[in-house]
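Got a structure for you, questions after.
Labels A, B, C and D are assigned to the chains in the order they are written; within every chain, residues are numbered from 1.
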Amino acid sequence: MVEMPPPPSCSFASDNAAGAHPAVMEALVAANTGHALAYGSDPWTAQVEDRFRELFGPRSRTLLAWNGTGANVLALASMIRPADCVVASQWAHIVVDETGAPERILGAKLVGLPSTDGKLVPEQLHELEHQIGVMHHAQPGVLSITQSTELGTVYTADEVASLCDEAHRLGMTVHLDGARIANATAALGGTVEALRSFTVDAGVDVISFGGTKAGLAFGEAVVYLNEALADRAVYIRKQVTQLPSKMRFVAAQFDALLRDDLWIHLAERSNSLATRLHAATATIPGLHYDAAPEVNSVFPVLPPSWVAPLQSWCFFWPWDPARGQVRWMTAWDTTEDDIDRFAAGVEVVAHYN
Amino acid sequence: MVEMPPPPSCSFASDNAAGAHPAVMEALVAANTGHALAYGSDPWTAQVEDRFRELFGPRSRTLLAWNGTGANVLALASMIRPADCVVASQWAHIVVDETGAPERILGAKLVGLPSTDGKLVPEQLHELEHQIGVMHHAQPGVLSITQSTELGTVYTADEVASLCDEAHRLGMTVHLDGARIANATAALGGTVEALRSFTVDAGVDVISFGGTKAGLAFGEAVVYLNEALADRAVYIRKQVTQLPSKMRFVAAQFDALLRDDLWIHLAERSNSLATRLHAATATIPGLHYDAAPEVNSVFPVLPPSWVAPLQSWCFFWPWDPARGQVRWMTAWDTTEDDIDRFAAGVEVVAHYN
Amino acid sequence: MVEMPPPPSCSFASDNAAGAHPAVMEALVAANTGHALAYGSDPWTAQVEDRFRELFGPRSRTLLAWNGTGANVLALASMIRPADCVVASQWAHIVVDETGAPERILGAKLVGLPSTDGKLVPEQLHELEHQIGVMHHAQPGVLSITQSTELGTVYTADEVASLCDEAHRLGMTVHLDGARIANATAALGGTVEALRSFTVDAGVDVISFGGTKAGLAFGEAVVYLNEALADRAVYIRKQVTQLPSKMRFVAAQFDALLRDDLWIHLAERSNSLATRLHAATATIPGLHYDAAPEVNSVFPVLPPSWVAPLQSWCFFWPWDPARGQVRWMTAWDTTEDDIDRFAAGVEVVAHYN
Amino acid sequence: MVEMPPPPSCSFASDNAAGAHPAVMEALVAANTGHALAYGSDPWTAQVEDRFRELFGPRSRTLLAWNGTGANVLALASMIRPADCVVASQWAHIVVDETGAPERILGAKLVGLPSTDGKLVPEQLHELEHQIGVMHHAQPGVLSITQSTELGTVYTADEVASLCDEAHRLGMTVHLDGARIANATAALGGTVEALRSFTVDAGVDVISFGGTKAGLAFGEAVVYLNEALADRAVYIRKQVTQLPSKMRFVAAQFDALLRDDLWIHLAERSNSLATRLHAATATIPGLHYDAAPEVNSVFPVLPPSWVAPLQSWCFFWPWDPARGQVRWMTAWDTTEDDIDRFAAGVEVVAHYN
């Protein structure tokens, strides 16, 4: 029987296993004061809309929403034309992890293109060109990319710009699923300029701006950089069940998260802790990494016998069981001590297995 | 220029203009502790599921969701069969106030039957019988009733039972939109037995159990009394974008609201304050009520010239502008002092107009 | 036991109980010659597209389709924007007789407005104006009128123009369900100018142009008068399952029907035979008409005891059983002798009941 | 300049470029006699339903429909449960050639599995098992296989049975897209027993039974072998716009096609002519086949310079332009002379290029 060290204070399951940042929770509590009109006619919502305009420019338009799947569906429903399909990577959350919500609510085909790293390249769009204008095929209408990707990789601003250029050339618009846009921003420089470089400046049309994984209790935002696509958005939001009634409780949280770039700082931290975890475990015999982490997750390949004892000590999810790959994900509240304890636990299991 | 008294501390716009009850907010904050697996695999969710079983029996099954439109869509999507239509009153929230969300997400027709008080009667279902089995007509599949109704009325338990009997006879199932089920429960006796009398005992199949208007910051529940209809519900919840990831923040709130019948007590209070408001204003010359309130709203008919000065002093919504009818709605946090001040303001406006 | 005269050679059930006109069938057979590319890349389709341009002008665009429900869905799917609703009369085929096909395939609400004669008036649109811009309501997007209506009435060109003006003022587009557009054209003068007066000239945007009831074996057309709405139409047609593969067999029939105004002449005949039937039966004691026929159907109110013996002798459908109303409908192949025999039968039944 | 021989009398574009068989057309014309109630209440429909029961057994149930996409959508809409996905090969017509009709009308995800020959194997279903019961993934609900496949291959009865067994073990049902079921039947023995071996006997639940490509002018059938799935089918057919009104014209054609196994004999002929074409061209230098034909199409790889001159002489479609592959397809009306002329033309082009 292996004697394990004391476990970390948190799991490595997902960044949505963390709670809300204290400043966020404090803002949520502070917003609980008297009456405020529902559905966004409140001062908290007005203020957070200003904050988003500061990030993305005065012509951007932001709608708050409940959750990631909902934000994606709202964004895509604003973008898609009849008989269009949505093109994404085969790993995209919208393709594999939303129980067919996009197909059901959009009534549209999703095309999952092959990718080894979760990223797409313009040539893959180019190959779809022969479908355009052929009445028997769903028409490529929206490109959806994820930043940072489901596989923990990050598009450079140039890569996003190239995809946007090709998409626009083909008459498509571009959606960026930014459930972890904070981690990508941190990875690309950690500034608002970095954020703009791979969004507004690159030509993205609509963003799902993640709040939950970045430190909120709940709440996401859809940011329309292409104004024309926002035209019907307030109606669509209600229609796809994503209109919070006491909206101040979403707005106040986001306001706290965006203040003084807290969202970026939290992501810088979770990113750096993934790097620390990678460094602390990469040399353990029997464990293998395909790549160093770019954001807040590592994907080690382990002997199968390690997995259960480690999971029961400090939980995480399997990734690709066929090759013994698991995912360890840090969150905004993970600490250096958590990393060190976790790495120590892996060493113990490695030693006794 | 009219000299108005100091305004109430709250508006009379809607019960969703109120914030969260302090006990609810305290529970939400208390749940913000360390990591918890997402999507309901947490102890708060397990506990609130127990509470719902205490209310509705051990065979009931409860799923937490984001908001009212979402809970309704989730409930109906679990109930409807291909080519079914949903039958409701012409005033039903699902018919007029959800921007066509049910039609879009269910892909089904909603039939809004005429009603003067927001309630339906079994004879109206009976009249649909000739459509059953005719291939050219959408098949009456689900009856959706609202309790308390959008017009502030309440079905008796017997009335609900009669509707359920007729619906079941026709092969339909019954959904109860309980966005204000707390107010109805309070109006019908204020006990868990009262709740059961017009739900489980009456034969209702699925309930949208309202949390937001009852005192939560956000959160609704779908309660399946008919187990068979819950079969695919967890998948459908995700598919209709109603799966909260950090679900503990919904569960903890509901747990606080259901504890010691807080939800009923808050509704008793808002109901009684509507009665107080009615009593304090019914005799004001020029103002007319069709009926005394049954729950937490009154619908006075006023001279048009009263509306703007009153609204700018203490906001409320118009109801039927054609006949000068407005809606004054109390909330869980309305106080007797608010009522008295509001009534005083109405008297002043009445006097000077 | 009543001794009935010999029955007519045809029923009075519906104009879709008739077969195809001989010239139509001949054209269909003639098109069965060798190979032709599918999906409309054939000379028959090119020619019938020319014929439709002759009717509706060079900027109109016509797509052939299978059936009435399909043509309506294709038309509406080309017109509707996200979160729009379709406004029609409560009697509209799309509202009551298509098993919810529009709601399923459009994902949109249909609003059935009250009407005693199957026709709408501009004031009814005007009353919807308050919903426009309110995020909680489906947005009035498409007006769908039926010409001639399901109740056998006909809009004048001016009435259509007024509806189109009001709809366009509200930002809506106008669909005309012309399953019986031939009968309406015949009733309004029987010329191509008459057709244009209540379609192109009146401001209609898209027409479902009926073929089946006018004398085809099968086949309908969707005519886009508003070019912009045809933009995605070829993709939508395939997507809503309305793309005939061996399209020449639809095109050849339509070509025969449109040649030398055959479609108008056939409708003039069925219209006049309904008038003859009305004249021959209106004075029979016990039978009552609300109005004289405008097109090819009459709606007599009869003693209930007459219905079964008449139906078993020569079939027709009940209309409003509550008041003893039935529908007798003529078709392109009904003859004067059929009318005279049928009227004689009614007299016999009247006499013995 | 190449001197080409006289072209064949027909193209090699597709079996839907052929017209209707004379016996079919004769039956269609013969059905054009007097009045018949619409929507299937006619003797032709009753008779063809009997014929289908003779093929598939007394518990099977058949609904006539317009076209292949429509029949597939009707079949799948009868089978799918909420949150299910449809699993098919990446080459399936429903996946790539129906403009997203299934996604739009079913509101469901289609999963296209990789395949080199258009066929799936049970192991591919087995790999989906881990998704079952996980709320974040669309649930594998329906397996759709095509027989014969889009790549001109044929499942043996055992192969279909193995797929059905695995699908049923996983709680899925099985749809067979039989747009070319006649060619498959011919390839597997050319008897009704052969048909039964890979359908009823193998465990298939619902069939799209192709008529158009087999020799009709238009018309497909959906055959429910699993009675329970037919429960709502008549409503769904109307709802998905696939209910022919003058249904006798579909029924009469099918009756002629099914009489004396005409459908099988026609397919035997088109199959054998593809074999003849293969034999006559396989040895032409520069032309290459991956495999001999199993049904009525061959897929030669040609030098790019051959394609345009051949197409302008006798049309056919490209298949995989990247590798110079084209498709030559025979139809029920192709003759031996057509094959010989076509092969001669290929030889001429080969000689001069």
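Just so we're on the same page, contacts are C-beta pairs under 8 Å (C-beta built on N, C-alpha and C of every residue); 3 or more make two chains touch, one makes a residue touch a chain.
Computed from a predicted model, the values in this text were never measured in an experiment.
Set against the C-alpha centre of subunit D, every other chain centre is closer than that of B.
The interface with the greater number of C-beta contacts, when A-C is set against A-B, is A-B.
The mean-CA centres of subunit B and subunit C are about 42 angstrom from one another, to the nearest whole unit.
We define each chain's centre as the mean of its Cα atoms; on that basis subunit A and subunit C are separated by 51 Å. For the pair subunit A and subunit B, the distance between mean C-alpha positions equals 34 Å.
In subunit A, the residues that reach two or more other chains under the touch definition are 83, 98-100, 104-105, 107, 135-136, 138-139, 235, 238-239, 243. Residues 83, 85, 96-100, 103-105, 107-110, 135-139 of subunit C touch subunit B in their complex. Touching subunit D in their complex are the following residues of subunit C: 9-11, 13-14, 16-20, 25, 28-29, 31-38, 66-70, 73, 98-101, 104-105, 212, 217-218, 235, 238-246, 248-249, 315, 331, 333.
Those residues of subunit B that touch subunit D in the complex are listed here as 39, 77-78, 81-83, 107, 135-136, 138-139, 232, 234-239, 243.
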